[in-house]
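Consider the two complexes below, in which chain A is the common component and chain B and chain C are the respective partners.
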Partner chain A sequence: MPKTLFEKIWDSHVVAEEKNGPSLLYIDRHLVHEVTSPQAFEGLRLNKRKVRRPDLTIATEDHNVPTSDRSLPIVDQISSIQIKTLEKNCKDFGIQLFGIGSPNQGIVHVIGPQLGITLPGSTIVCGDSHTSTQGAFGALAFGIGTSEVEHVLATQTLWMEKLKPFEIKVEGKRKNPFAVTAKDIILSIIKRIGTAGGTGTVIEYRGQTISDLTVEQRMTVCNMSIEAGARAGLIAPDEKTFDYIRGKKFTPKNFEDLVDDWRENLKTDSNARFDKTFSLDAKEIAPQVSWGTNPAMVSDVTERIPFPEDFAKDDLNQKNAAEKALQYMDLKPGTPITDIYVDRVFIGSCTNARLEDLIESSKVVKGKKVSPKVRAMVVPGSQMVKKQAEEMGIDKIFKDANFEWRESGCSMCLGMNPDILGPGERCASTSNRNFEGRQGVGGRTHLVSPVMAAAAAIKGHFVDVREMDVN
Partner chain B sequence: MEKFHKVKSIVTPFDKVNVDTDQIVPKQFLKLIQKTGFGKYLFYNWRFNKNETLNQDFILNDPKYKNSKILVTRDNFGCGSSREHAVWALQDYGFSVIIAPSFADIFYSNCFKNGLLAIILDSETVDRLLQIHKEIEVDLNTQTIKTDTEVISFQIDDYKKHNLLEGLDEIAMTLKYEDKISEYEKKSTLSSLL
Partner chain C sequence: MKGNVIKYEQDNIDTDVILPGTYLKIHDYSELAKHAMEGLDPNFHSKVKEGDFIVAGRNFGCGSSREHAPIALAHSGIKAVLALSFARIFYRNAVDGAFLLPIEIDEDTLKDISEGDELEINIDNNEIKNLTKNKKYQMKPFSELIGKIIAAGGLFKFNP
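Here is the complex of A and B:
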């Protein structure tokens, strides 16, 4: 029977099946961080259990670490306890940790691929919903809760209901691929299918537009699958994928043999059946800006803030939600998006803090200055990204324009460290969630691509980056 | 995990769509390293005013619902972050049942790992429950909800139901599959990270 890529990976990892129940799935790679793991390790201790496969487990510190000078101690005592707890847990249970101070430290979904931990055809979990990012390599990668973290640590398996394959096809050439980015593709998709459009599914992104994307751009697309409600996103691996993984720290010794097998098998068979299909024409996509408090509340930069009744299409609950969102965001329907002024700009997060994101946004910034009313920061996704960017002089372009150039971590994407918005502050952010208070209590988040964020930093308000001079 | 049987309580009507886990427990409270004590942070930014006084307009602060164990809400409850702290907070606050037309996947799974019963009902039934303002009884064994006017059936898969009724430790159960896990590992070709 023809199978989708998802079904092939799933089937090859089933260890056991319960009748009329879930399957026991083998997990090839487990990534651990400081925020969602302490209670899992505590559970192991209480039950006198060990980590079954420390050799398949890697930890890093990313969520609450400061992005200021790394030689200074962590001021926030509670953050510091969480960091020390992870360090102790890794030591006690024999897990390799890339902590603060390690050249391999960084956002877990940035370092996984950079270190060659993320491999096509494998199953990857982490106590973080954006694990979906790593599906860009043709891996089945998804976020789990802390109880499941404990379960994987103890058994290297997970009980799962089989998800349903959902095909999203993006066809055609983008008219301006510099300005219409992977972020705009995924925001356009979420705008159309909604934040629960993918619930219960694994999305496989297909079509010419997706094949044309670089591997890092594909990660941006897969990253926000969870914002459409899908547990995971998936893109069939190709030569670009294999080239990205080749020669990394943990790239397997028998890599070329594996590539032969992946090239042959890791694709959806023709005639395979998807439970759902959605298509989008890349020519229709413009730079996107979110205006509300969930990632489906998004408009083209050329549009105006919608009226709640137009946005909701006869759904009273959605209309109420849109009204509340506009109230929270302090925005009036009918306002042109380009009339929205920002106080802060954040270029960072597991969505958009890889090397290419920094290179592209630096082209908008080069030779210009951040608007005097704006505080702008760049937080590279990992120490490796930071170092590579510095070797290319990217840091200098940002610093010359008055951007802050910081150490790596999740930072202002979720504001667990000192990088937060003040009440009422408005931010152009390259992150993934514009939920109320996400970046700081009372903070207002607009989701955009790195080039759109850079453009907003320079002009002080949103602008169509297609109309900017770019170096 | 405690065994789950029946719950009888007044319903807290929480009439909102797309409630994300950032709202259920804001991130400033995710730095704790234990599972207990999250109830006081539940819906923190909605439950409290900026000066940390109670927001009297927020439904959970209505004294009528003080001892409620059942939360009824709308579509896509628990979307966003995978933080299990959301479930710990709901339980610690006093809820043992959440009813909605749909839940986000990770949140739904997290509920059952902790013995919090998440029930999916059609939107029309949820509309009625949001208006009920009275006690209802949820019986997991018979998969029914009794109100003073009707008996509503709900679906739950046998595996989840069994685990909740028995209060099972899932890891202990999985360890019985040791032979199968070892057998799988023997044929697995993926390399070690050490």
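Here is the complex of A and C:
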């Protein structure tokens, strides 16, 4: 029977199966960070269990670490304890940790691929919903809760109900691929299918537009699958994927043999059936800016803030949600998006803090200055990204323009480390969630691509990056 | 089980409002509970009582995988969340640690239930009784895996 890529990966990892019921799924790689793991290790200790496969488990510190000078101690005592707890847990259970001070430290979904841990056809879990990022390599990668983290630590397996394959096809050539980015593709998709459009599914992104993307751009697309409610996002691996993994720290010794197998097998069969299909023409996609408090509340940069009444014909709840969102965001319907001024700009997060994101946004910044009313920061996704960017002089472009150039971590994405918005502050952010309070109590988040964020930093308000002079 | 309703009719109640990120450093569950729903309703902690139910719209618990979200609700006293639908990681987290019951209801049921109503939930026959309004509703049955994890009392007691 013809199968989708998802079904092939799933079927090859089922250890045991109940008839028409749940499956016990083998997990190839388990990534661990400081925030969602302490109770899991505590559970192992209480029950006198070991970590079943410490060799398949890798840890880093990313969520609560400060992104300021790494030679200074962590001021926040509770964060410091959480970090020390992970260090002790990794030592006690024999797990490799890339912590603060390691040249391999970084956001878990950035370092996995950079280290060659993320492999096509594998199952990857982490106590973090944005694990979906790693589906860009043709891996089945998804976020889990702390109880499941403990279960995987103890057994290297998970009980799951089979997810449903959802095809999202993006065809056509983008008119301006510099300005219309992977972020705009995924925001456009979420705008159309909604925050629950993918619930219970694994999305496979297909079509010419997706094939044309670089591997790092594909990671941006897969990253936000969870924002559409899907557990994971997938893209079939190709030569670009294999090139990205070749020669990394953990790349397997028999890599070329594996590539032969992946090339042959890791694709959806031509007449396989998806439970759901959605298509989008890349020519319709413009640079996106979110105006509300969930990632489906998004407009083209050329549009105006919508009127809540426009939603009423579909659903009264949507109208009420839009009203509430505009109130929180302090925005008036009918305002051009380009009239929205920002206080802060954040280029970072597992969505958009890889080398290419920094290279592309630096082209907007080069030779210009950040608006005097804006505080702008760049937070590389990992120490490796930071080093590579510095070797290319990217840091200098940002620093010359008055951007802060910081150490790697989740930073201002989630409001749990010192990088937060103040109440009422408005931010152009390359992160993934614009929920109320996400970046700090009362903070107002506008999700955008790195080039759009860079443009907003320079002008002080949103601008259509297609109209900017770019170096 | 019986309890009273705290109702938030909106969709997309996300894990960042259920438990804001800044509290993810806290390990003491009773301390976490003080901040439950803080991003949506700062009065939640003062009004919630042991045994209460939350009733809400679509896609409850969307966003992060933080198990702290159902933990904070459970340690506030919430025994079940009744919603039109749930984001899947929250849904699974809720039952894995036997924190609370995630119960899917239909739109008519959502409309009919009011703040403060006393409900009696019986998961053996998928029935919800509204004792205040003297009415009965049906809940969507749990899937096989979720039902078994609930019956076992959590993921670590579950054995298919």
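One rule holds for everything that comes next: the second predicted complex is superposed on the first by the 466 of 471 C-alpha atoms of A that agree within 3 Å, B and C clash if a C-alpha of one lies under 4 Å from a C-alpha of the other, contacts with A are read in each partner's own complex, and residues count from 1 in each chain.
What we mean here is this: a contact is a pair of C-beta atoms (placed from the backbone, for glycine too) under 8 Å apart; a residue touches a chain by one contact, two chains touch by 3 or more.
Owing to the predicted nature of the structure, the values given are computational and were not obtained by experimental measurement.
Peer 1: Clash or fit: chain B and chain C on chain A?
Peer 2: Aligned on chain A, chain C clashes with chain B.
Peer 1: Contact-wise, after the overlay, does A:Ala353 reach chain B, chain C, both or neither (first, second, both, neither)?
Peer 2: neither
Peer 1: Check whether A:Arg231 is in contact with chain B, with chain C, with both or with neither, and answer first, second, both or neither.
Peer 2: The answer is both, since A:Arg231 touches chain B and chain C.
Peer 1: After the superposition on A, what does A:Trp159 contact: first (chain B), second (chain C), both or neither?
Peer 2: In the superposition, A:Trp159 contacts both chain B and chain C.
Peer 1: Give one of first, second, both or neither to describe whether A:Ile189 is in contact with chain B, with chain C, with both, or with none.
Peer 2: neither
Peer 1: With the two structures laid over each other on chain A, which partner does A:Gly127 touch: chain B (first), chain C (second), both, or neither?
Peer 2: In the superposition, A:Gly127 touches chain B and chain C alike.
Peer 1: Applying the document's definition of touch, where does A:Thr199 land relative to chain B and chain C: first, second, both, or neither?
Peer 2: Both partners, chain B and chain C.
Peer 1: For A:Ala136, select first, second, both or neither according to whether it touches chain B, chain C, the two together, or no partner.
Peer 2: It touches nothing on chain B or chain C.
Peer 1: In the overlay, answer first, second, both or neither for which of chain B and chain C A:Lys253 touches.
Peer 2: After superposition on chain A, A:Lys253 lies in contact with chain B alone.
Peer 1: Can you tell me whether chain B or chain C touches more residues on chain A?
Peer 2: For chain A, the partner with the higher number of touched residues is B.
Peer 1: Do chain B and chain C land on any of the same chain A residues, and which?
Peer 2: In chain A, positions 18, 20-22, 35-36, 38-39, 47, 63-64, 76, 78-79, 81-82, 127-129, 143-148, 150-151, 159, 161, 195-196, 199-200, 226, 229, 231, 294, 317-318, 320-321, 414-416, 433, 435-438, 441 sit in both the chain B and chain C interfaces.
Peer 1: If you look only at chain B, which of its residues touch chain A in the complex?
Peer 2: 16-18, 20, 22-23, 26-28, 30-35, 45, 50, 74-76, 79-84, 87, 102, 104-106, 109-110, 113-114, 157-159, 169-171, 174-175, 177, 180-181, 184-185, 188-194
Peer 1: Quick check: in the complex, which residue numbers of chain A touch chain C?
Peer 2: By the definition above, chain A touches chain C via 18, 20-22, 35-36, 38-39, 43, 47, 63-64, 76, 78-79, 81-82, 127-129, 143-148, 150-151, 159-161, 195-196, 199-200, 226, 229, 231, 294, 317-318, 320-321, 324, 414-416, 420, 433, 435-438, 440-441.
Peer 1: For the complex, give me every residue of chain A touching chain B.
Peer 2: Against chain B, the touching part of chain A is residues 15-16, 18, 20-22, 24, 26, 28-29, 35-36, 38-39, 42, 47, 49, 54-58, 63-64, 76, 78-79, 81-82, 85, 96, 117, 119, 122, 127-129, 143-148, 150-151, 154-157, 159, 161, 195-196, 199-200, 226-227, 229, 231, 250, 252-254, 258, 294, 317-318, 320-321, 414-416, 423, 433, 435-438, 441-442.
Peer 1: Within their complex, state which residues of chain C touch chain A.
Peer 2: Against chain A, the touching part of chain C is residues 9-12, 14, 16-17, 20-22, 24-27, 39-40, 57-59, 62-67, 85, 87-89, 92-93, 96-97, 143-146, 148-149, 154-156, 158, 160.
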